[in-house]
Amino acid sequence: MTDAKPVLRLENIVKTFPGVRALDGVSFSVMPGEVHALMGENGAGKSTLMKVLGGIHQPDGGTIFMGDDAVVMSGPLEAKAKGIVFIHQELSLAEELSVAENIYLGELPTKSLGRVDWTRLADQTNAILQKLNVGFDANTRVGDLSIANQQMVEIARALTVDAKAVIFDEPTASLTDSEKVVLFDVIADLQATNVGIIYISHRMEEIFKITDRITVLRDGQYQGTVETADSTEESVTQMMIGRTLDLSRNASHHALGEVALEVRGLSCSKHYQDVSFEVRRGEVVGFYGLVGAGRTEIAETLFGLRDPSAGQILLDGEEVRINSPADAIARGISLVPEDRKGQGLVLGMNCRDNMTLPQIDTLKAGPFVAQGAEMEIFDKYHKQLDIRTPGWKQQVGNLSGGNQQKIVIGKWLSMHPKVLIVDEPTRGIDVGSKSEIHKLLRALAAQGYAVMVISSEMPEVLHVSDRIVAMYSGRVMRTFTSEDVTEDNLIQAISGMTSEQVA
Amino acid sequence: MKPGTVSTALKSGAIWGFIILELIFFSVAGEFLSLSDKAFMDWDNMLLLLKQSAPIGIIAMGMTIVMVNGNIDLSVGATFAIAAIVLLDSMTWPIFAGLGDWVIPVAWLLALVVGTLLGALNGLIVWKTGVDAFIVTLGAMLGYRGIVFMFNGEQPTSHLNWTLVDFAEAEFLGLATASWFLLAATFVIWFVMAKTVHGRNAYAIGDNREAAVNAGIRVGPHMMINFAIIGFLAALSAVVFYSESGSVNPNDGQLYELWVITAVVLGGTKITGGAGNVIGTFGGVIAIQLLRKGLGHIGADTSTVNLVIGLILVAVLVLDRQLNMKGKEELKV
Amino acid sequence: MADITRQQIGSLLAKQGILIAFVAFLIGFTIANPKFLTPDNVLSVIRSSAILGVMALGVTFVVISGNLDLSVGSMMSFSTIVVLDLHDKIGPALAIPAMFAMTLALGALIGFLVGYLKLNSLIVTLGMLSAIHGLTLTYSGGKNMDIADKEGTWFSVFGQGTALGLPIPILMFVAVAALLGLILSRTSFGRKVYAVGGNGTAATFSGIPRARTVFMCYLISATCVATAGLIQASRSLGSQNTVGQGLELEVLAAVILGGASLLGGSGTIFKTVIGVLILGFIQNGLLLIGLQFYVQFIVTWVIIILAVWLDIAAKRGKLMSPIA
Amino acid sequence: QTMKIGITQNNVGVDSYQTTYESAFIAAAAENSDVDAVVLDAGGDVARQIAQIEDLIQQEVDAIIIWPTNGEAVIPAVRKAHQAGIPVVVTNSNIAEAGFDFVNSFSGPDNITQGARSAEIMCDKFKDMGIEGEAQVVHITGQPGYTTAIERAKGFEDRMPEVCADVMIVDTQPGDWNREKSQQVMEAFLVKYDDIDGVYSGDDNMGVGALNAAKAAGRDGIIFVGATNFAVGYEAMAAGDYWGSIYQSPVDDAEAALKTAIDILEGKELPFLNYFDTPKITQDNMGDYTKPVF
């Protein structure tokens, strides 16, 4: 492999946006059959570098080589023609179209008269879907799929063409473990056919499992490339953020308070049934389960976005009806939703205004919004969460994915809720910030908040939770305390096996 | 269930139910209010309905693809008038003098070419400048109308060719010429949108333009083609209509854009793009024409007609919502 | 240093592309006819733009909230006819509030349909355009409405009076613009309007009552329409039933010309004012040049597209669109 | 045996002349127990008008009255009515000659003569004032493309040089039958021309709009002449602000049309062209006329 020529080589790439130098002379190359990790903090410039490669952004300086030739990627079309497949960080799908049409978007198979060859399309798609082992078929409308499944549709695109290089920009951010296994198989297959693979992720365990080399960016600058085999999590983290992190499992315990939130026999028609649990002040309760287990729907019900069909919700021991998010907010419930672009942010609005949106009515100076108070809130969480933005005026849509997520978290932390529900809180967040957020969740609990963490990352659930609710197919299978939980019994619980069966 | 099949189209939208309601209402009300002894649902009257739907209906088919594509075209009324002028005026041009009645196909072709070019011009501007189609075509609605007036001042442009009139008034298998053109336009656009790559790409672009760009679809030329299609259909509508009537006022086609858009949206097309189909649009067109016809049938005066048409548009939406709400427990957003 | 100033100029251009386009047209027209920029003409253009302008201010709210309002033209006819009719029946002091109440009731109906029932605003307001026109015709019996004693009424002050040396319609336009500008940019309600239009789902997830916000936008729009109707009625002390016919598209053009997106979530009152002035001055400038009306149509076409093109080209820093 | 008479009007929404016409027609038909009327409005759209004629034929009415949106485009549709044996009366503005074979009668005002008379009114006044040698006139026309607008403009512009050869028509712009639009047009004229002696507008609504503009600008002494004397115009005349107009009643117009249709159905002999008289009205003779109802 060492004497082979790189499929792709980028040299001294420079890219600036108004107020941001996103890439500052970055060089990077991928060998055929190599899985090359691209790492860096949120906003380090990873996605931007890949967008330059994919023809979406034009670089201000630098050169792209394919083989020995310098090439110009004038647009996505050209990049695609040159054999570069780009699986985007943000879902890039047409919701009204079918899975098959999305997978083959831009290159639908045709018959005479420009007609779509539906049979061939369905066959090809189903072949790919089978390989991906997903539970939906070629004709499903993409808008009807869960986010995780939509992500699988994105991934399926990598298998449609004869690629020279495939870029995966945080493909696993919304996948659960079983889908990840499928994805890694796909990557291994591609690798076997000498495709060069660029893999962006914030999840260390994945990086060490599947990549060959790691290139690290920091603030748009090239930090170096290392062989994965020669590195450790600590050394890579050191390169990324200039310090090491304590990633040990949470062991600290503090005194628990009263029950803040109790749910009794709650059902929401087909989404989940007969769910009961309680969350105390000072406690972090993790919710773990497979995609579609119904955790998000429970959160939405508690936040007034769905009407339960049966059961009770009790806040501080008192039964409540929550009819709307405004209700929920007034009762001290906050929800960090799982879909940051669709539900969490107004992308065209600036950072500060997004952050203060839920409490805008209370930040008053006379008849007007108190801009000073707004700035204070923004400054506080800007610092605390280390959000990389040129300033509060930046449109949220221009931030990197991880920094967008931080804005959402800041927005709900600033509400100082009694019950904080976070749904996939660290999706797309870099290791450094992730550990900050975990610390923060623990610290909030210590201050007496009741925290519900919905996560599909087992390490995360294990790390932050005092107790873990394991769900399967809309039902609570078992509730673990941090003493009796192990990775094995947790996996068993969420796969539908009851504790009796396990025992 | 393949996308674009007739069954999905029929299921979507309350428009068909609404058409039935209209038929029942006007039939019953007609018994009491109409001067005529003939029933509203008289077969000939229904055939007439189809024919009368043609001018707006043909354009609406084009509007469906443009709106699904995520754009809109407000200039269709003016394009309609320009094409009509070209059609009628070119028949009198000296260079065609030797052609006899063969001037008719030549004039048709000229009108269609001009319409297509005007549509394409809108598309080109949208593509190259990136200005929103709403503004581009709002401007063109004025600009093209200016061209209409420039042509012949305020005078109507007329050329009554009885051969042409006879052709336009002819019936084939019981359907008037205009009806055939409406059905043909509906079929062709349905075919394009449901069956062809171009049509499917139109949905993709309207649904998520960025995704389409990322997938390497050439969005600009694609949109331009759709604008050319609607320009062509606006011209076709003019060609069909003015072959029969033989004279165009410079104001003709005004407000067509609003009626056409109303028909398309009533038919279930999303104004933001990405969803819709011509079967629904066909229903929308029929519903509107039925409304006009029915109100005339029962002899409502102008203020009542305005009031009723307005309220009924709103009522259709309410009905549509009630029908579509059932069985869905969506997020309360 | 030079780099920074260039950047600053660049960003100024980007922010105020439409303003620059506006100034360019003013210069062009002044060269064509020096009388164009005389104070009298400028005042008279602004005064006659005030009616359209006040309506555009309200529609700006509706558009930012992600909706449309095509009913403003026929609603303005309604207000005008009603206030003129009531003027002679119950006197101006009662006629004005009564007219506002009736117009607001229509606005509330639309707001209810679009906000709470979540119906498509294009069709609802198109339907209301027609329905309100019918209502007006029924109300007036199709006749022109004129005040009997045109000389003796103080009612004429809103359209014809002056204060501080300026025509009252201009002052009202400025006052409404200032008030609504403050509401939109500085109050929590304004913020909610942007949020609802930018991403309605995210706004709901932030506890913002989407339906009520949209409803309020239509009430604001109706208030503006009523104000415009008041100015209109007072300006000519008599009116046709069709006085506002067709204004809806002009109003929308002004709002969009100012840079509000039809998709919602963007736009400002200031830019709408610029949009209104551009339309007003184009119309007036072309009249002063004395082109045939159809040449005016064509020139307006070109100018509208050029203005918006300039605006967005400045924003993206490139003349041609990046659409492939 | 009741007579079923259908009428399709041009564009009722566009001004109060047409709305008044519509209600007058309905009233006149209601008064006559032998007549059942169905009243339709084409909304200015030829296609809709043709559809309405087809519908009336389909409904088997006894006579059709049509106020053409376009004097030529309706000919084939009128031919259909003719072929179906239904007599057709054209009202207000005539259809083109090619269609005369299919039409029984025309009833309405003579718009060209009206325009000419307006020119005469204005010329006479200028002569009184002694400025017929140098007077400058601006002309505000109706909605572009409307027969009435075109014919009045033509009558005025052709006649003026015949009666007052030295009067100059310095500018012409459309006011769209709209008082507000006309006021804006006049505002621009006032800026553009320091000397305006006369304003001719295609109807009194627009004329009053122009008058308002002149008043607001403090420009006195301008002679305003219009057509279709509306109530506002009549009042402005009474107040001495507005000089003259053409007296034309939509009620007469509607009643004449209905009567023509009835006469035809009753088998009476009628001339083909039934113009009703539209006299000059000025401040001098306005006492002879009652204030218009619209």
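Couple of notes before you dig in:
For reference, chains read A, B, C and D in written order, and residue numbers begin at 1 within each chain.
In this text, contacts are C-beta pairs under 8 Å (C-beta built on N, C-alpha and C of every residue); 3 or more make two chains touch, one makes a residue touch a chain.
Since this is a predicted model, take the numbers as computed values, not measurements.
Judged by contacting C-beta pairs, the busier of the interfaces B-D and B-C is B-C. Centroid to centroid, with C-alpha atoms defining each point, subunit B and subunit D lie 33 Å apart. Chain centres here are Cα means. That of subunit B falls 29 Å from that of subunit C. With centres defined as mean CA coordinates, subunit D is found 70 Å away from subunit A. The mean-CA centres of subunit A and subunit C are about 43 angstrom from one another, to the nearest whole unit.
Across the assembly, subunit C contributes 133, 137, 142, 201, 204-205, 293-294, 324 as residues in contact with two or more other chains. Annotation for subunit B: residues touching 2 or more other chains are 149, 213, 217-218, 302, 305-306, 331-333. Looking at subunit D, residues 12-13, 19, 22, 144 sit in touch with two or more other chains.
Shown are all chain pairs that touch, namely A-B, A-C, B-C, B-D, C-D. Per the touch definition, subunit B reaches subunit D in the complex via residues 34-38, 42, 44-45, 48, 51-52, 55-56, 149, 154-156, 158, 160, 165, 168-169, 241-242, 244-252, 254-256, 289, 292-293, 296-297, 299, 301-302, 305-306.
For subunit B in complex with subunit C, the touching residues are 74, 125, 127-132, 134-136, 138-140, 142-150, 213, 217-220, 223, 258, 261-262, 265-266, 271-272, 302-314, 316-318, 321, 331-333. Within the complex formed with subunit A, the residues of subunit B that make contact are 1-3, 195-198, 200-201, 203-204, 207-208, 210-218, 274-275, 329, 331-333.
Chain contact summary for the complex, subunit A toward subunit C: residues 18, 75-77, 303, 305, 324-326, 328-329, 335, 337, 342-349, 353, 357-358, 360-361, 363-364, 367-369, 411.
Of all the residues in subunit C, the ones that touch subunit A in their complex are 11, 182, 186-188, 191-192, 194-195, 198-199, 201-209, 265-266, 324.
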